[in-house]
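For reference, the structure discussed in these notes is given below.
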Amino acid sequence: MYMKKRVELFTVTRNRRINNEYIVLYAKANGELPDISPGEFVEIKVENGQNTFLRRPISIHEVHQETNEMLLLIQEVGEGSRLLAALMPGDKLDLIYPLGNSFTVPKSGRMLLVGGGVGVAPLLILGRRLREEGAEVNFLLGARDREILMDLTDYKQHGLVGVTTEDGSAGVKGYVTDHPLLKERLKDMDRVYTCGPDAMMRAVAAVAKEAGIPCEVSLENMMACGFGACLCCVVETREGNKNTCTEGPVFNIDDLKGW
Amino acid sequence: MVKLAVDINGYLLKNPVMTASGTFGFGEEYEDFIDIGALGGIVVKGTTLHHREGNAYPRMAETASGMLNAVGLQNKGVDHFVSSIYPRIKHYDTGIFVNVSGSTIEEYIQTAEKLNGLEQIPGIELNISCPNVKEGGMSFGVHCPSAIAVTRAVRDVYKGHLMVKLSPNVTDVTEMARAVEGAGADSISLINTLLGMAIDAEKRRPLLSTVTGGLSGPCIKPVALRMVWQVYNAVKVPVIGMGGIMNATDAIEFMLAGSTAIQVGTANFIDPSISVQIVEGIKAYMLRHDITDVNSLIGGMLID
Amino acid sequence: MVKLAVDINGYLLKNPVMTASGTFGFGEEYEDFIDIGALGGIVVKGTTLHHREGNAYPRMAETASGMLNAVGLQNKGVDHFVSSIYPRIKHYDTGIFVNVSGSTIEEYIQTAEKLNGLEQIPGIELNISCPNVKEGGMSFGVHCPSAIAVTRAVRDVYKGHLMVKLSPNVTDVTEMARAVEGAGADSISLINTLLGMAIDAEKRRPLLSTVTGGLSGPCIKPVALRMVWQVYNAVKVPVIGMGGIMNATDAIEFMLAGSTAIQVGTANFIDPSISVQIVEGIKAYMLRHDITDVNSLIGGMLID
Amino acid sequence: MYMKKRVELFTVTRNRRINNEYIVLYAKANGELPDISPGEFVEIKVENGQNTFLRRPISIHEVHQETNEMLLLIQEVGEGSRLLAALMPGDKLDLIYPLGNSFTVPKSGRMLLVGGGVGVAPLLILGRRLREEGAEVNFLLGARDREILMDLTDYKQHGLVGVTTEDGSAGVKGYVTDHPLLKERLKDMDRVYTCGPDAMMRAVAAVAKEAGIPCEVSLENMMACGFGACLCCVVETREGNKNTCTEGPVFNIDDLKGW
């Protein structure tokens, strides 16, 4: 069902620090939150930034429909994300949402959700929705080291969680592609979803393709508008350039050129 | 009641606020946010004779109070516009202008011809100032002879309002303005983007696939205002000003400098409802200043 | 140890960081804040043959990520510089360049001649790009024949390093660069300010007494970087880049685009010690990136 | 004695709201505060302003030498001053100071200090210093209405305080020039100091000139640097253009052209 896009002033209700680099913002809508599909994102206006002219695209991490709250997982990488990570309960958050398409949510099957870095964000809501629909959920989450590993509690509610860290300080040492879930048990999976650094997604896509398993990626192209007006965020597909912000961010790798 | 309508050389806009080409899609992208009919006019995405894929990704870089783009006129071609898009948007209760680009004069002519007689398209905006394409585009707009040639050629075939959009990347914008006025332009819009560039110091690479791109946003407003004022003082046809307009105050500054109408560009990305808010803001300013007719603002800057 | 010295066509700067004319006074204004000797060089205030009072107040307006100025070359004339200022600043352990302006070629020549043989002045920066004076100034710098004429005339009489400063208010900056290179420039500095304008919407008046003025600051950085890159690819003499440099990262971007040295301008107003901090920041960048010689950054932008 | 100019990070220790438009910031130096003369000002860097590229010049309102605190009276007129007025104890304040020349402080005589709007700021430290030196201090403070009138307590410590408001809601109704201190008792004064809106200062200067009484004005020209480097802040004097930031902000009206 098409959800009308809107600009709305949310109120921050909580700022939960996960680790040195990550926080989760809880943002409450004024009225009733519309239905959100996994994979959709928001565009946030960063107030008071001296170098943040454009909005910042951030995935919807999870939704608490009862309290009309949206959760946003934010990694501090530059001025914009640092200012967002400093927001406190009561502060306002100017959002355009809901933006983008969403992941396929089948009613059954064995699903592998592979996230790297802050790319784990949309996988939480996706995992929950998959479980609710009746699919089996397996997360595989990669991080640089245990210091910036996500809080896994929420993920564990929805399925099995595998972990890799580059330095081996938690889970399997190495990249997600070094984990048994991708190296050995991939053939048992019906579908792979992945979100994270480009190199990681391409590696995951390559093994999925080789194994002949459908794979959906969520791209993080540079965006100026987020709602299809500027044509800056394009990705090359078999049908020509497509907007990552409206025809994505989720693409089936079979549709992407060069993947 | 305040009077908001402005006349751009025979065509009446219900108010002076238009949206700028390339920043407003075909209007449809904004339907969720605003009533398009509340605007004075819209200029849709740059259209060429043939389908164009545009430039490679990345096409965008944020800069201080602005952005660079290198979209490169991605569009499905004028035939697609006429057959598929026009029927979808022709119900908008506002003037729809088509921004026309080309690599050769022949392409400009053919594209303009195909837009003749579309009832809800009162005019075209001739883009002779796009910095993001290898051939044509800006090269027409930075030298008088070619600007005259393309304007005159299109004027000969196109029956509606002919707005010509100038490039700021020139030594003397008044020279260009007079040239296109002489060649038959009904109005002049400016400015298109300034040619700029951005580098990632860490990766030592340009941030755009095309290395250089077009700079827009509030950073260019002082240059845009200056050029609007210069052109206003140099030609008789109406001037449509743009460049970094973010709010009603900016819009009023452009009118005071000589704009009959203004176009809102990059600001649409940051607040998709800003164009309609600017209409409201202009009204509020007029009430506050006891101005009954918006036309009295045009070129109304006071100099001792 | 990293090597920071750069050679601008025969003259050695101890590091690539200079300060821009008109933003650094005669250096003295910064003595409380920094050791001037830590800089690669300084360019002092625009100097003319005769005393000039400059433009009327107001001369300044803040803009998005930048400012407009209309100082208009206020200075006490070259004789006063030689007799009163030079003796006070000649002890600086850095290269002092004098920015020279004029209304006629004759004035440029006479001013330059008077600066010949000042031991601590290795060179002059020929300002053919000042947008804030009615005669001369920018008008020399936006047309090739006059740019060539003034450069050649000064070259004939001036014995030191001749840096020529280009205006960004031109259609093709490479044309200008090649012209002044051919006329004897030892190096080319760019960009001077972009011609802009600001209006007070409430008072309906221009914010500058001169209506238009020169735009500087981070807002112009994308345009400046683009022009530096274009000129670097068009001439053989060293390029000294400037325009919105606020920190070491910006400075490195300019070097990657082709600058042998850079000048810090408006940023000095916001942090009077920034120029020296930029020297330190470049060192830190080099250490982080395992670069031993700063010269390897010049034009080091990677393009596929 | 020449005080070296410096860039220093102060710490806000208090934000005292005076009325709807005015606040006083207490800013503590890291170490010992140098001697400050009345009339000097600071240039403040406004962090996180989206339209505050340049520093903001603000007069030194008062100095608490014992605690190394500087007091700044700020009127909220635009983005910069609003952001400054929102600073809270613990926040940092990046200042260049001390800037500008200062008022003449004779050791005796009857002084009239006329301030309008936020122009009352430098008169507090001036009044105190005059009293300490042995002069008699008379303040005449003008405001739009009682709502934005200054807290007079501090001023009253140093001398007599006359007040005017445009709407008569406090003190004498009208402009400062309508007050008996300027209309009748001006001839008893040895010197007039004035700071405030241009029109007010010119009116005060005119009556002082007519009465043949020395008059010093503190100008608020637009400044880009504040320390003599940009030549943007010039005022026309009998000796040509002078920098308001270094050769001012205090000028004797006899030296100014057109006053």
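Just so it is clear, A, B, C and D label the chains in written order, and each chain counts residues from 1 on its own.
To be clear about the criterion, a residue touches a chain if its C-beta (ideal position, glycine included) is under 8 Å from a C-beta of that chain, and two chains touch if they have at least 3 such contacts.
Which chain is which protein? Per UniProt: A, D = Dihydroorotate dehydrogenase B (NAD(+)), electron transfer subunit; B, C = Dihydroorotate dehydrogenase.
Keep in mind the model is a prediction, meaning the values are calculated, not measured.
Chemist: What chains touch subunit A and also subunit D?
Modeler: Under the touch definition, subunit A and subunit D have no mutual neighbours whatsoever.
Chemist: Centre to centre, by mean C-alpha position, how many angstrom separate subunit A and subunit C?
Modeler: 47
Chemist: Between subunit B and subunit C, what distance separates the C-alpha centroids? Give it in angstrom.
Modeler: The computed centroid separation for subunit B versus subunit C comes out at 34 Å.
Chemist: Between subunit C and subunit D, tell me the centre distance in angstrom, where each centre is the average of that chain's C-alpha atoms.
Modeler: Taking the mean C-alpha position of each chain, the two centres sit 36 Å apart.
Chemist: Tell me, which residues of subunit C touch at least two other chains?
Modeler: Residues 63-66, 217-218.
Chemist: Give me the residue numbers in subunit A that touch at least two other chains, ranges are fine.
Modeler: none
Chemist: Can you tell me, using the touch rule above, whether these chains form a line, ring, star, complete graph or other shape?
Modeler: The chain contacts form a single closed ring, each chain touching exactly two others.
Chemist: Touching pairs of chains, all of them, please.
Modeler: Here the touching pairs of chains are A-B, A-D, B-C, C-D.
Chemist: Which residues of subunit A touch subunit B in the complex?
Modeler: 4-7, 45, 51-55, 96, 221-236, 240-241
Chemist: Which bits of subunit D are touching subunit A when the two form their complex?
Modeler: 47-50, 83
Chemist: Over in the complex, which subunit C residues touch subunit B? Could you list them?
Modeler: 63-66, 68, 142-143, 169-172, 194-199, 201, 203-206, 211-212, 215, 217-223, 225-226, 229, 244, 249, 252-253, 256-257, 285, 300-303
Chemist: If we count contacts the way the header does, which residues on subunit B are in touch with subunit A in the complex?
Modeler: Where subunit B meets subunit A, its residues are 22-25, 29-30, 32-33, 45, 53-54, 57-67, 69, 71, 74, 217-218, 266, 268-273.
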